[in-house]
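Next come two complexes built around chain A: one with chain B, the other with chain C.
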Partner chain A sequence: MDMTRRAALKTSAAIASSVLFPMRSFAQETPRKGGVFTVHYGAEQRQLNPSLQASTGVYIIGGKIQEQLVDLDAKGQPVGVLAESWEASPDGKTITFKLRPGVTWHDGKPFTSADVQFTAMEMWKKILNYGTTLQLFLTAVDTPDPLTAVFRYERPMPLNLLLRALPDLGYVSPRHLYEGKGDIRQNPVNLAPVGTGPFKFVQYERGQHVIAERNANYWRANAPYLDRIVWRVVTDRAAAAAQMEAGQIHYSPFSGLTISDSARLGKDPRFIVSTKGNEGNARTNTIEFNFRRKELADIRVRRAIAHALDIPFFIENFLGDFAKRGTGPIPSVSTDFYPADNGPQYPFDKKLAAKLLDEAGFKPGAGGTRFSLRLLPAPWGEDVSLFATFIQQSLADVGIKVDIVRTDGGGFLKQVYDDHAFDLATGWHQYRNDPAVSTTVWYRSGQPKGAPWTNQWDWTDPTIDKIIDDAATEVDAAKRKALYGDFVRRANTELPIWTPIEQIFLTAISAKARNHSNTPRWGSSSWHDLWLAE
Partner chain B sequence: MDLVKLYFRSPPAVIGLVLLILVLVMAASADFLYPRDPLALAGRPLIWPFSNPRFLLGTDNSGRDIAAQIFHGARISLLIGGVATAISIMIGITIGALAGYYGAYVDTALMRVTEAFQTLPNFLLLLVLVAVFGSTITTVTVAIGIVSWPASARLTRAEFLSLRNREFVQAGRTLGLRDIRLIFGEILPNALPPVIVYASVVMAIAILLESALAFLKLSDPNVASWGNLIGAGRDVLRVQWYVSAIPGIAILVTVLAVSLVGQGLNDALNPRLKSR
Partner chain C sequence: MRVLSLAGRRLAASIPTLFLILIGVFLLLQLAPGDTVDALMAQMGGGDAATAKQLREFYGLDLSVWAQLGNYLWRLVRLDLGFSAIYGKPVATVIAERLPATILLMTASLSFAFFFGLILGVVAARGVNKWPDTLISTLGLMFYAMPTFWFGLMAIVVFSIYLQWLPAGGFEDITVSYTGLRRTLDIALHLVLPTLTLGLFYMAIYLRIMRGSMLEVLNLDFVRTARSKGMDETRVVVRHVLRNALLPMVTLIGLQAGTMLGGSVVVESVFSLPGLGRLAYESVIQRDLNTLLGIVFVSALLVIAVNFIVDLLYARLDPRITTGS
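This part shows the complex of A and B:
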């Protein structure tokens, strides 16, 4: 009864480690065809097309309908989906994909290299939030025949980077439904996506549900098993947990439930609560500073804010074992790129924070307030709203009054990344296997206005731009790693955003599900082999 | 004096008054008992009530003292209730008085507007207003006032319709009093008692509306209101239910107090019930 949060967190950790995977007699079970799989959809995005917006909130739906050239297998290695094979030229400037034959779009048109060419040049390079940086030096995609796509780069593109990026940034859209149909962003197909994936889009009722059904013409034999997937829009986390218990929802991805409910469901044999299947989605909690505010453009103020937050206290009391102190934009789970030296770390020191603010010329005025800031917390995850309150409480202690502005998912993305109507924002940065995929875009200048999770802070630093560009085109692995060390140290020194907490997503899934959580980005993957036991 | 005696004859009215005074005392003593910012981090999150003498009512999921938020929240709830009611009654009286006094096409026009407002569920309209104008405490209060005036307008209009042809009004008219003087100086004071009683209902509704908004996390998150505490507690409802239950009881008590006082006033002001 009297269970403190800390006790709850401990239990949930124990569950996560003991029930790493439901090792039931899978081998004897024959996959069952049919069934409806229901998914908790917590924060609606503005659209569903993963060629245009890289985010778990889009992949969770669009990733079942559209497919990418390459995905990750159970061991985290690239495996072909729409591409069958690939090779890079010795100079790294040409990468050739051989595409899968016999694949058709849901509307019956054949999938060809023309689709890849159009998507790469018009969507990945121009619109897709992380794609714009990744494909910065992509000059052309040649299509010598319908099943060959040749990517030509101005500067070398490390094949390894591209293959690690494409599972997230390699979704292909149907050219015939976009070309010559006006603004790609406003195309109605974005809300009723057409793809090559195992499930066909049926219906999207805003605020209610999204439905997709089995694609009978799917190119993988005997797939998919499920008849339908229904995503239920449930913004209330406690209600989502109740619906799981009532059997109305099978799966809640990406830490969609509250910490206390996750712990409770983890003890219930009907559910599996685990971090498994999320290894490819390490995330850090962020604080984004808007440099259009003169106070925040001052490095001393940004450092003071970092020093004013007692992060270890917050983690110990609010987040528990699933979180740890973040050291920079590259999380410690990234064995390939985590640098030995992360640069300045800003330990909790209220006096130093006050001193820095004084030096910057922002002396306390009437009532001890130096200035006020508007903080926008992203509406995903309980930890973000708890962190927002913690920021508000901590900064009040050093004389910065913080007003929290609550929004829905679409409103958050628009106000922060499009209208720039924020002073501070806090949300998640997701690290996806390679810093060039979804990390460096938070720092590189020149991002198109409105692209979510990119540098929209009005902060330009030629030094970091050069490091990012050099690293993204460096073919030598050791040199790349060294460059990303420079990147992390520069980011932590200039502090355009701060990444003080590191976490792995937690999912809750019905014990009836089979073949789940079997790849490092399972929540985002196509679920072609997922089935439901009786 | 008679009125006071009549009021105190009814036990529910007395209970209501005592409860209301209790809430007022809580609001008045908040700064004295809990001088710190009620939204400040006070200790470990989710300490159960009565388990730590420092936090009598425990802490919420953000580590804030629930007792401090209840005391400071009393102010916010009374403030929202009071101001929103004042706005609502003022709009209602003005529209109702003009419609009832002038009748004819003024009445028709104003009543159609009133009906238009009445056909919209007031909570939906409130959601729209808050979505458009943002959710600061000021906009929320004004918006609640704006959505809850139609009933008091109809009430005032009915009173005016029955009063406008009485002898004292006719006399005033013969004396050459101007309309404005007649409406606000002569008729209104006589039309006021039922409206004042109704104001207690509006106040109770206003407090509930703010709580409902906050429950949906659409109220001003930067003030310590009871509704915000309920909204925050929603995330831990299944296990740490007290985070939502404690402010829920506070709201229940306040709304009950206001309603009982309103009922008591109604009974005391109603001449036909005097002999009961």
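This part shows the complex of A and C:
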């Protein structure tokens, strides 16, 4: 088994080098109008409106139909979509957006600042996950004229935080279809979204497909190129790879295929397999420690566990070239915040691990076992499952017995973040372009019990709390970056969570596609310039 | 009329069982950690505690387990299957949307398995211990031993990727919209591989049963009588032996209709078909209790219906078994 996996990964090295220039030189080609682009849709969501739910499963569809105020450009910098320009007041409490004129909703009504006001106050602030935290201190959105939206905050809102959060958390919904129509969550428009984007919703057959067609009145000239986008619901990963080979699917986003199928398709000239276009969706594999266990509350034990794992070995043999050694809670793709010094790194050193455990007073007992731990792996991907087994075997070597408890998504969140019925947990931390969006909540104390992906470790550190609070309202970009450097070093020193592996989602796409993977969150973006060659 | 009253009595007798099953499934799902709001949070990639509380109230999850169960049963008595958490519409509608694909797949595979199981079984029995028998029995063993998902994937590799004869998955072609007869043909093409995948396993069982029961009946006295009357062999086999040998096959179909509903989860996933099996799987993962209980209810009704038809067939095949008593 190991050997074939190794062989498969060797080939993925070849892919990695071939994807450095995946576009070849298509610049001279004339974009072709027309065509149907088919997309692998692995996990159906309960609704499709990205103003209400921030997840890739919604963006992959809703992000083509609805648009946000700003998106990220090819270099990862904010670029206006529904907003043309923006400006922050010196105290950071007022941020003014000038909106794009001449934009209409798919039903023909004009897009105005009233839509932004309603979406921000009723959806982002009240319902949208991560939006509720981001907009906690938003008090009002003023609309002096139809093309100006003024966001008023109780506390300073760093402009660079808002602009990096809005590509995910800034989708606008049509006020006239939601206001006075009862519970926003249950509005039928959520399953038949209406937006300003390049594609208009046509049909959603649950369990089968979603169809959207080109919006002839789109505000960008000569866009989009495609006639239709069809999302095919395929829950089986191996079946999705087979459908790609049979030509029924052009694109499988966000590591939707198995590691081995990705490596195999990467060698096939009909496909491109790459991490490009997913830089905005970086994630780190995590190990969470439960401080309610006296052994894990001892920092020497946490450090010993980190030293006991040979991470480069695991990456080389199981994940291949699409993963690398993680350095801390902020991944290296985050050019705006990645610090020069990440603090202590815990290289593989089994002797040191054993020494630390001895020092902590946990001497090996009968059969060489020091103590046992319950490890809960999150069911998000095969890498997590493999990593759990790797942790189990590595820790056995230093005398820690690990029992793996496997469960499904709902069960994992309940047991870890609500019941706290774990000793070690391993899963993913999704980095969302600014640490204040979804990273610092993993470390800040005082998180309500049951809130998933937050500090539920029973670990409180006033130093890191202060850094996090200061950075969240610091309007000076350079000072903010420095504060997040302190944050990373503190997190790595205290080690309430370890983030040893950094990964970017994999894209598998037909070689016929043009203008793909050209922004850091391309899978979620609007695809207004995507086209299909003959 | 007699048939109707029999059907009524059958249904009445099944009601207590049905309720026990539903209560059992309800309680079993309470044992699984997490509820539909946790599953939703997992899907969204995060959410705060206040939102979670709001959602629990919305789904009625803030009540005690017994109150929830009571509510459910009371609704069921009024034939209301409730509201699906993941689909945001009534469970009855959700199931009605998925039922056609499942029934189509089930009927197609059962007919395929029954028909070819019968023919191959008869051929094998007629040439017992000669080469047709050996060949058929070996093939049967192979199909029986092969895991369904593997066979499905291999069928896709051969027929969809290499030969490109048949579509790799889905219920119909959605990139072009067909109507009328062309659409029927399109759906039929999409169902060939799933039907084979699901049906071959059952065909293997049927052909073994058919072969065995043919051999048994062929040795009975009345067959010898028929032969000694001077009847030709085909007439003996078709009119005298087949009819009697069919009884065990028919029994099996009644038993396996339920199994097939379960087995279709795998086939529906591999071939991306929008059927009940996948819906049930998703409901468990998403902890959507209403939908899951609705599926159990409908599946139970389906199995009861199939068994009822089997009973009627018995009487038809063997007049000694009456529907009356």
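Simple rule for what comes next: the second predicted complex is superposed on the first by the 335 of 534 C-alpha atoms of A that agree within 3 Å, B and C clash if a C-alpha of one lies under 4 Å from a C-alpha of the other, contacts with A are read in each partner's own complex, and residues count from 1 in each chain.
Basically, a contact is a pair of C-beta atoms (placed from the backbone, for glycine too) under 8 Å apart; a residue touches a chain by one contact, two chains touch by 3 or more.
Predicted, not measured: the structure shown is a model, and the values here were computed from it.
By the document's definition of touching, of the two partners only chain C reaches A:E205; chain B does not.
Counting the residues of chain A touched by each of chain B and chain C gives the higher count for C. After overlaying the two complexes on the shared chain, residue contacts for A:E382 are found with chain B alone; chain C is out of touch. When the shared chain is aligned, no partner comes close enough to touch A:I305: not chain B, not chain C. Once the two complexes are overlaid on the shared chain, A:I272 sits clear of chain B and of chain C alike. In the overlay built on the shared chain, the residue A:I501 is in contact with neither chain B nor chain C. With both structures placed on the common chain, the touch criterion links A:A120 to neither chain B nor chain C.
Touch criterion met: A:D403 reaches chain B, while chain C stays clear of it. Of the two partner chains, chain B and chain C are each touched by A:D236.
In the superposed pair of complexes, A:L166 makes contact with neither chain B nor chain C.
In the superposition on chain A, chain A positions 236, 238, 242 are in contact with chain B in one complex as well as with chain C in the other. Residue ranges of chain A in contact with chain C, taken from their complex: 36, 38, 43-47, 53-57, 127, 129-130, 132-133, 185-186, 190-191, 205-209, 211, 228, 230, 232-236, 238-239, 242-243, 245-246, 248, 407-415, 418-419, 430, 438, 448-453.
For chain B in complex with chain A, the residues that touch the partner chain are 37, 39-41, 44-48, 51, 61-64, 134-135, 217-218, 221-222, 234-240. By the touch criterion given at the top, residues 2-6, 8, 236-238, 241-242, 258, 260-261, 264, 317-318, 382, 386, 389-390, 392-394, 396-397, 403-406 of chain A touch chain B in their complex.
Across the interface of their complex, chain A is touched by residues 32-36, 38-52, 58, 85-88, 94, 97-98, 152-153, 156-157, 160-161, 164, 167-171, 174-175, 269-272, 274-275, 278-279, 282, 285-287 of chain C.
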